[in-house]
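Take a look at these structures.
Shared chain: chain A. Partners: chain B in the first complex, chain C in the second.
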Partner chain A sequence: MIHVPKNWYNILADIPFELPPDIPQPVRADRPEAVKPQLPLALVRQSMTRDPLVPIPESVFEKYLSWRPTPLRRARALERHLGTRARIYYKYEGGNASGSHKLCTAMAQAQCYAAAGARRLVTGTGAGQWGTALAVACREFGLACKVYMVAKSFHEKPYRKTIMRLYGAEVVPSPDPRAGRAAGRGEVHAGNIAFAVTEAFEDALTHEGTQLSVGSGEAYAILHSTVVGLEAAEQLGPADQPDIVIGSLGAGSNFGGIALPFAGRKLRGESDVRCVAVEAESCPKLTRGRYCYDYTDGSGVSPLQKMYTLGSRFTTAGGHIGGLRYHACSKIISALHHHGVVEAAAYPQPDIFASGALFARTEGILPAPESAHAVHGAIEAAKRADEAGTAPAILFCLSGHGLFDLASYEEYLNGTMADVPVSEEDIRRSLAELPQLDGQAVR
Partner chain B sequence: MIHVPKNWYNILADIPFELPPDIPQPVRADRPEAVKPQLPLALVRQSMTRDPLVPIPESVFEKYLSWRPTPLRRARALERHLGTRARIYYKYEGGNASGSHKLCTAMAQAQCYAAAGARRLVTGTGAGQWGTALAVACREFGLACKVYMVAKSFHEKPYRKTIMRLYGAEVVPSPDPRAGRAAGRGEVHAGNIAFAVTEAFEDALTHEGTQLSVGSGEAYAILHSTVVGLEAAEQLGPADQPDIVIGSLGAGSNFGGIALPFAGRKLRGESDVRCVAVEAESCPKLTRGRYCYDYTDGSGVSPLQKMYTLGSRFTTAGGHIGGLRYHACSKIISALHHHGVVEAAAYPQPDIFASGALFARTEGILPAPESAHAVHGAIEAAKRADEAGTAPAILFCLSGHGLFDLASYEEYLNGTMADVPVSEEDIRRSLAELPQLDGQAVR
Partner chain C sequence: MEPRTKHPSRADLRATVVSALLSAKAGPPGTAATVDDETPIGGAGLGISSLNMLQALVRIEDDLGVAFGDRAVAEADLRSVGAVVDLVEQMLAERDE
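Up next, the complex of A and B:
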């Protein structure tokens, strides 16, 4: 009998170094309201505590029971196809109403905001996994919900909009084609997640009882996602704990959710597990970004956080990377990477989709493009192990299903899926717009 | 610990009446090959035996274990929303690689055909659930697969084509826009399932090593689907066996799969369970069709079977009923209905989708439009029970998920979903084309 955890795991209890502090933005005379406190005290506490275990509120735990524990499976058919000696396990998070792991933090956040008196939550979403999860959670906790969806995804994945509407959310494309002004920047640029969050932030600032909820990156979003890794550890049992743990990296909740409970063991000297964050080659913040202070959204009013970043105005050249299209990596995972506790890898888009299709054919679940990054990472890890003559246990998070992403798989089947490389010049140009203090980038 | 059944349940062992025999078609001089035996002996035996339990071949059972037993859940959130005293249980069959219950018979058929020497299977599919299931099963048993998909669905649900292609199948629209001649009829008409099967049949007749596989209606397809009801009976346990069992009716495998193990108990005098087949108001064969001999496909070469039918050239006026768009009800379930063992109900399309959306909002699974018929039937049964002051246990089959069907739910959300009534004149005109012997319809 596998139990749903009663607590989240907080890696802040185990890290032996200090996290660089956030830098609040000066209050701007033209937008004094833009720095008013937004976060419920419960979420602030969850972000700041050094307790290793943070109790899951009873009402959130009850919601978790409606879809947790999620399955932990061994990918035997995939193993046979690869002819690998590695044991490949996956934790499947796509079986819930929202179709991804995002529901773990969506439920927790909706509960906190509702308890703090909010009547309506707004958010930005990329491919739509987060927006769908928040729509479900808002319905469960009696909140209204509005989702600003990156325009490219809004138009390419119309059914994402439908499912969010079915769950009761209002959904609009970002940037709003009718809007002339965006919060704090005075200019509308092509859609990306940072900008969608900015538009949602603007909405929250100008509507009573409305709060901005964000799906990844923030410490509490990663904390809430650790139920994934905690469950997996119990499901695997003491006999076959993983040698390698792999998660896709957008901003951090996916990778952090599966990996941090294991990274904590490593920090405590209980194992020498390798934790590998797999990012898109077209959005390579950990592998090619800079570790420095940056905005977490595109507004220029959020506090600065020290992160691996490509710059908050970075826009990918295209491709189908969905929720991985975020310019930075959360400060906690960035710090863990900076200190060598977790690793990172980036792979080209056609290879990612080939692995996603192979997984569907062997294991019978079509991975979301985001999740296919972890699938590919696991396959690569198995191949490297076979070359080295080792036989590790590999665990990865299959964070969501790809049934909303079939247009991209159709492109793969037709052989028209392009590689989407990022030039050094692209990165240099984007990093040139990092926030400055006294005329200098903030280190 | 719930077990996957080792046997299928065969209702022929329990029916106290004779089934009207099939009537073979005369061999036509212009198409002598059209009546050559097509069916593997194993499937013939499974269709003819009077044994109550038919052993599931070991290699099929092993495949079943990859996704069975499927969940049996109580719809508590739906019950709360309705304020009903009824206990509503659902058996969820949408969690496998194909997304529906169709995989039960697809695996069994692929095994039989492969064992009989076939190298390639062809079929017709409506909304695509059956085609997807056969694509998965063919891959598992090393067979090539080609799917003729009703043109309307092919164009309205492009992602169904993608998922079938991902599993390795070739998919074409039916009618073939390039073809001038259709088997045995000399005329190409608007797409429907019967015609898609006809095109597949033509393919099988003209290609070496190729056989036609059909997904519903035939006795063996229903037999294979009874694992659904057998598992549900074990999962519910002796304390809470259902008073009412509900399934959607296309041709019969969905309804028969969930209901026949319970109908058998009724025939044996062990219970007085009500079994209710829910059909689309726009394709009302059980509620408004005629019980007489008809073709099972659109070719005019298949043996005639005595069924409730609207005529094999019946075409629905539109709407989103997917796999329920079949002109007749399988001969076994037709006979059970004729003898009063099972009931039937038909509901209008907007009500079906309202219940589907309600189910998604309460239980977190979006039903396929086909499955939404059973959801609506269960909700109606609960309401009638509340009115009557009873508190029955209601079991229905949630046969597949609706993530490929969001365009139709979008129509529902926009309030543009039309009722699709069928006039008496439509039915009369279609029944006028029933097959004739000596100038008379065959009774």
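Up next, the complex of A and C:
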């Protein structure tokens, strides 16, 4: 009998170093008005505690029971196809109403905001997984919901929009050329998650009873996602704990959810597990970004956090990377990478989709493009192990299904899918716009 | 564990509040000795952001054994150090009722 965890795992209890403090934007001297909280205290408490286990509120636990524990399966058909000696396990998070792991934090956040008196939540979403999860969670906790969806995905994935509306959310493209910051600047572009979050934040500031909810990089969002890794550890049992844990990296909740409970064991000296974050080659913050202070969204007024970043104005050239499009990596995952606790890899888009298609044909589940990054990482790890003559246990998070992503798979099948590498010049130009203090980038 | 019934003095509460506010704020440490009830929280005063404020309240919860409610915080007009001290006194009184 596998139990749904009653607690989330907090890696802050185990890291042997201090996280770099956030730097708030200077508060204007001519603005003496009252300081208005934008976040429920419960989420602040969860972000600050150093307790290793953070209790899951009863009402959230009851919601979790409607789809958890999620299946952990061994990918035997994939192993046979590869001819590998590695044992490949995957934790499937696509079987809930939203179709992805994002529902873990969406439920927890909706409960906190509802308890704090919010009546409406707004958010930005990339491919729509987070927006869908928040729509589902808002419905469960009696909140209205508005989703600012990255324009490229909004137009390319109309049925993702439909399912969010089905669950009761209002969905608009970001940038919306008719409203908000984009109109003020006269900007028209494909959009990115940082910009969508900025537009959502402007909405929250101007509507009574409305608050912004974000789904990935915040410490509490990663904390809520650790039920994935905690369950997997119990399901694998003491006899076959993983040697390698792999997750896709957007801002951090996907990778952190599966990997941090295992990274904690490594930090405590209980295992020598390798944790590998797989990011999109077209948004390579950990593998090619800079570890420095940057904005967490595109507003230019958010607090500065020290993290691996490509610059908050970075826009991917294209490609089907969905929620991996965020310009930076959460400060916790960034610090763990900086200190050598977790590794990172990036692969070309056609290789990612080839692995996604192979997984669908062998295991019978079509991975979301984000999840296909983890699939590819696991296949690469198995191949490297075979070359080295080892037979590790590999665990990865199949974070969501790809049934809303068939247009991208169609492109793959038609042979028209292109590689979308990022040039050094693109990265240099974006990093040149990093925030500065006293004329210098903030290191 | 003995029940907490004896309230700290207002001066002690102010010292606790100011210490929590300044430690939550990143950057150069402030000068607590120059802070009084009228000192603004944001703007030209302590320059505290809304997130810093919430982090400070969580520190105060740990220090004093109180629990702030979101609605009470949202309804409080947290313009000055004195307003935060008022909120803490209110929470202490409610705790001990």
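What we mean here is this: the second predicted complex is superposed on the first by the 423 of 443 C-alpha atoms of A that agree within 3 Å, B and C clash if a C-alpha of one lies under 4 Å from a C-alpha of the other, contacts with A are read in each partner's own complex, and residues count from 1 in each chain.
As a working rule, a residue touches a chain if its C-beta (ideal position, glycine included) is under 8 Å from a C-beta of that chain, and two chains touch if they have at least 3 such contacts.
No experiment lies behind these values; they were computed from the predicted model shown.
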Contacts of A:G95 with chain B and chain C, given as first, second, both or neither: first
Touching partner for A:R361 - first (chain B), second (chain C), both, neither: first
Chain B versus chain C as contact partner of A:D419, first or second or both or neither: neither
Residue numbers on chain A that touch chain C, as the complex places them: 21-42, 44-45, 48, 115-117, 303
Complex contact set, residues of chain C against chain A: 25-27, 40-45, 47-55, 57-58, 61, 68-71, 73-74, 77-79, 83
Contact set on chain B toward chain A in their complex: 66-67, 95-97, 99, 136, 139, 158-159, 161-163, 165-168, 357, 360-361, 364-366, 403-404, 406-407, 409-410, 413
